[in-house]
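Two complexes, one shared chain (subunit A), two partners (subunit B, subunit C).
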Partner chain A sequence: MFGAAGKSSAYPLGINPAILLVAVFLLGYPLFASDFFTFQIGAYSLILGTIALSLTMLAGYGGMVSLAQMTVAGFAAYVMAILGTNSVGVMGLGWPWWLTAAIAILGAALLSTFIGAISARTEGIYTIMITLAIAVAFFYFVRQNYVIFNGFTGFAGIEPPTLFGVYWRDPMPFYYLCLAVAAFFYFAVLYGSRSSFGLGLQAVRDNPRRVRALGINVFSHRVVAYFYAGAIAGTAGVLLVWFNGRVSPGLVGVDMVIDILVIAVIGGLGAPIGPFLGAVAFVLLENFAIDLIDRERFNTVIGLAFLLIVLFSPDGMLGLWRRAESRIRLPRANALWGARANRDDWHSASSPKRM
Partner chain B sequence: MQRRTLVVLGVVLFAAALLWLIFAVWPDWLIDAIGRKKTFVTTLLNGVTLGGLYFLVASGFTLVFGLMRNVNLAHGSMYLLGGYIGYEVAEATGSWFFGLAVAFLVIAVSGILLQVAIFRRMEGDELRQTLVTIGISIIAADLMLAVWTGTTYQFDTPEGLYGAVVLPVISVIKSSGAPVFIKYPMYRLTVLGVAVAVGIGLWVFLNRTRVGMMVRAGVNDREMLAASGVNVQLVFALVFAIGAGLAGFAGVVGGTALSIAPGEDIRYLLASLVVVIVGGLGSVTGAAIGALLIGLAEQFGLAYFPTYAVVLTFVIMVGVLAIRPQGIMGTR
Partner chain C sequence: MLQITRNTLLAAAVLAIASPAAAQDTIKMGGLATLEGAFAAPGQDGIRGIQMALEEVNSMAGGKKIELITGSSDASPASAIRATRKLVEQDGVQIMVGPLSGSEGLAVKDYAKTKPNVTFINGTSAAQDTTLRNPAPNFFRFSTEGAQWMAGLGEYAYNVKKYRKVAVLAEDYSFPYTQVFGFLEPFCRLGGKAPADARFWVPIGNKDYSSVIAALPDDVDAIYVALGGADAINFLSQYQQAGGELPLIGGSITVDQTVLGSKGKIRETVIGTPSAGPISDTWDDPRWAAFVAQYKKMFAGKGGFPSPSLFAHGYYINAKAALLALDKVNGDLSDGGKKLRAALASLKFETPTGMVSLDERRNAIADIFLTEVVEGPGGNLVNKTIGVTNQVSQTFGLPYEQFLKYGQVSRTNPPCN
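Showing the complex of A and B:
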């Protein structure tokens, strides 16, 4: 069902019945799901999916695997706690929520731009290394810094506003808020991928040298992509801090940073639906793996799942679905799909050529 | 020519100032400005020894990358696993040196396994190799947590390396006129010595032996080396074994100087990453320079402005990337 929506991504507003079905399901979900499933599973998956979407956008369309997207989201979460109100008594300047949120998102976008400017002169694995270093450095920084970031403890008591008589942290309104944000960015990324900027970005991914020869500025394309990705991650970060009600260094720790990568890769970097698929799988596994194995060993399970996907299906669950579908529907067209899959394969596209 | 003269002049002046700071008895105004001399000298030595430890970890990382273009993000896990294994063996046999040897060997073998089972199967697919090593490090961290729990382990310092040495550096002169000398732990100085020895050993290995020649040839042009009749896979396995083994070795050496606990894998992975980004990927000399810079930055940051210590490391990395994206000694 999801996969079909992903595949028909060529016409997001189109007439594909599978899309309608998904839309109806997502809109009606809180009506039949319990509060736990609406909030802890539904809303949380949408938030993580949105953060991972920013990585998918960078990696899938831009060929830049940035591990700092969680850091960007976490930065927005910290800004909410620092400029808004919190119950810890450190910082908490008490600015109105709309101003804080706007500054948090803009700040996250600018931080992402800065990270992009640092790493965009390098390619491929260098980008991974530099962004990972930045992410870990940010984690150690917020943990050490008590003046602004309140160190190890972090902040608690960060509340979403009560607006139009609705308390936005109640499961149902919060779910719809997350759904609206996720859907907005999903379609924005789809639309953006076919804009001239998006096409330019994909050209940069496929062959930076040729693009440069055409007179297009490779560096600025990459940095602008980081700006957009930062805005997406930052918005999700605002939702995340409202979801948790608190923010501490653990939120931007290596575990979470890697989790976002895991979500994006498990889902598939080929289409913007991928991160949401990955997020649903991840959150379900996180909540229900406890029934199968010791909760303590969750990381082993998720690590193994990640390893298996990377080893055997580099294009994630989306790739699994596409292969299964093509095998069922078009046994003869397998070769064709194979060729197509190769062309879309982000690995071959984004691994830097040795010159 | 002019510029070079200026650079040399700068280096000489800097070295002279540093020597003066170390050996002279500080006047009062200097103590008022930057604190006691003892803090400064101890921080300097801490930084240099930490740099030595970082070099031990990062040199393996950079060696593997230089030859095979494999970014092994499980390198930190190898450090931690080496520490744990060394600890178990040292506890069981009572010999620290035996633990060190076993840690080196076991991690070297695990490196070969990784190379044969994973990297060889996806040669040239760098991004995928990187992702696989991330997966491995997630699992490894979790399994190590299961086996060794969250406890912090501390090695017993080996016999003969215990205690402190008195350095020929005067910190203050007492009012009675008797000089007070600065003391420093013997073991930490040994760490520095080991790092220097490993650095020289690697240099000799790479520049003065036949296998080292093959390694350097492989760095420049892998296909040409294979075409001239060298078993490249064997060279790869050997280099991977040395690189991984050094991580395990560093795990015991570093675990004794500091301690081993969950989370150390990430710390040393970060250190390796920053060191090779600053020093230049693939260059052992670069790793030495980078390790020294980062070790000093970290210790001086911790001593003089604790809440912003990480920022200093970060600023060095960004500064180097802005001026030389390929790192100080890196080549493209």
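Showing the complex of A and C:
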């Protein structure tokens, strides 16, 4: 997966067999997995992974750790309930799903742009503080606003459309829908990171002063990144509300905000596959930790697992994988990292440290 | 080739995990409670209730072994659904007991409609609409609900305590709405007042009540408090600290054992507080005494409360109902539980708190206790029984259609100005 760009000519068809295997596995997954594994593990991981992907994009490429990505996704989810149909009897304007979804995603992107405009002049911990404040403010706002957001109860009965004779919350179609969205954004982020915009963003991350000296507008570069990240999180938010069928303040609470950060960090911020690895680990633990241990202690297991990952691999599961890989194929991998260190892409910032 | 083989093996392994093995001689029973968040202590006591019911029959019912699989939520509907889905679709439970809190119950009822072959039996969730409007045919509630639990309290506050005007402090979701409705409906019908600007709705998990305490009006006779778990302890200790002197009227889980058994400084504030609910700690009845003795035997010194809470009681009754119905059908669930559900619907049985039977929407009709907090013999705070209201139905004895005219419970129902 990570070797594709550098070593493409060595493989038949120019594709790393590991990528093919992953693709075949992901496509064939619902054929052998139960409905539960398809829907609650598979689809949910892809949704959370996509939200975390928007954070990875901002943090990994832009150096901006925004805790408001869940808020952006939650905003899209609320828009779906407010403009679309719900069973609660508050709002629910009954607009067609495609219009609602388009507005939800665009609205989420604009909200994210707005958050970016507020926070993009800050750095490091101050960005975290501002975006956390926005996330918490949004949580309290929706919890206390009854006219539009229906307070603590929120909305229920939000249905995905039935299109082409398919009910899109059935596990298999919904899984493929999530997979398509996740794959689209995965490749979009991968492609974007090598575009001039993406390279510019990484330059802004590494040395904003030098970039400014070159005549590039650092502020607007960052805000545009927030716009794209908002579109990603917003789309995932639409999927999330279809997944749950409901939206309430708990969805945008501090717990969930932190969960997204945890997913991104344990997965690894170095590459767009990281958040998906993190999401799978998170969802599996969330569902099955209770079976491993005394039910009063299972949250401790979840916490310990995350602690161990971060302790032994500061760059997440991605780092674990890379280290394992380089240990197995040391000479080749070393050559690869060496070659990459000179190239101006996402590896250059992180890989030399590991050498 | 090797990699393909490995992948196939992996697929097979996942498949093996993914398809629940159907054992012939065991029945899987799910237990869903809030083991995280503000209601964690009540949730644990709920699971204790299930364990008591299982212990009584040595985990055997209808000739089959009952395997309990627990699931946990954090009191939010979405987490309850995720945990339920895991229990039903992954662990393959055929009977589920739970959930604990009101909005979770509404969500699980909706989910139940999509799994007609699984039997859902309530834990202690007590929102009215779980069974009153659009009930699910496979959702049963042998524990009563929040408005039923208030039976007799409104009359008592007006007639005996002579309160005429009360402030209301409650959590902002479906269960407290139901409780407030159940208390205010008789209280206001008699002539009591609870003005809209003296009703305070706080979110679950609220920790700081200073602003609410400061805003409490002076011209009320009492405060009706419907908070639960950690929320109740926080309010009561802060109210005592602030030197609050208004008498309180308690919701069913505001002065129950999960609160009274806590270490918070609440003693002076809560003594003398009237309340009503499905249990009374000191009820002078051999059935209840045996239940308490059994609870103490199993859980004293192992994290249990001094006396079983209504969560232990509610989960116990619901699990007990499941076991009794399983006995009736000899553990036969081969028809997707159809016979079991028929047996449940007609079940009538003796509980530690009297007879329980179901109405046509599968909601319990049971006895409700009017209580008052007193200091027990060992210095523990307990609820003393003042009275029992026999066989309270969900519609307060009114015909169904007529009861619906009260409208859905909400922050403003009844208006009562």
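Heads up, the rule we're going with is that the second predicted complex is superposed on the first by the 304 of 355 C-alpha atoms of A that agree within 3 Å, B and C clash if a C-alpha of one lies under 4 Å from a C-alpha of the other, contacts with A are read in each partner's own complex, and residues count from 1 in each chain.
In this text, a contact is a pair of C-beta atoms (placed from the backbone, for glycine too) under 8 Å apart; a residue touches a chain by one contact, two chains touch by 3 or more.
Quantities reported herein were computed from a predicted structural model and do not represent experimental measurements.
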Contacts of A:320 with subunit B and subunit C, given as first, second, both or neither: neither
First, second, both or neither for A:172, with subunit B first and subunit C second: neither
Subunit B versus subunit C as contact partner of A:188, first or second or both or neither: neither
Which of subunit B and subunit C A:141 touches, first, second, both or neither: first
Which of subunit B and subunit C A:299 touches, first, second, both or neither: both
Which of subunit B and subunit C A:285 touches, first, second, both or neither: neither
Touching partner for A:244 - first (subunit B), second (subunit C), both, neither: second
Contacts of A:25 with subunit B and subunit C, given as first, second, both or neither: second
Contacts of A:152 with subunit B and subunit C, given as first, second, both or neither: second
Greater residue coverage of subunit A in the superposed arrangement, subunit B or subunit C: B
Footprint overlap on subunit A, where subunit B in one structure and subunit C in the other make contact: 144, 296, 298-299
Subunit C-facing residues of subunit A, complex: 17, 21, 24-25, 28, 32-37, 39-40, 143-144, 151-153, 156-157, 244-246, 248-251, 255, 286-287, 290, 295-296, 298-299
Parts of subunit A lying in touch with subunit B, wherever the complex brings them together: 65, 118-119, 121-122, 124-126, 128-130, 132-134, 136-137, 140-141, 144-147, 254, 258, 261-262, 265, 296-300, 302-304, 306-307, 310-311, 314, 347-348, 350-352, 354-355
Sites on subunit B touched by subunit A in the complex: 69, 71, 73, 124-128, 130-132, 134-136, 138-139, 141-143, 145-146, 266, 269-270, 273-274, 276-277, 281, 306-311, 313-314, 317-318, 321-322, 325, 332
Touching residues on subunit C, where the partner in the complex is subunit A: 3, 7, 11, 14-15, 18-20, 35-36, 44, 47, 70-72, 74, 76-79, 81-82, 85-86, 89-90, 103, 106-107, 110, 172-174, 203-204
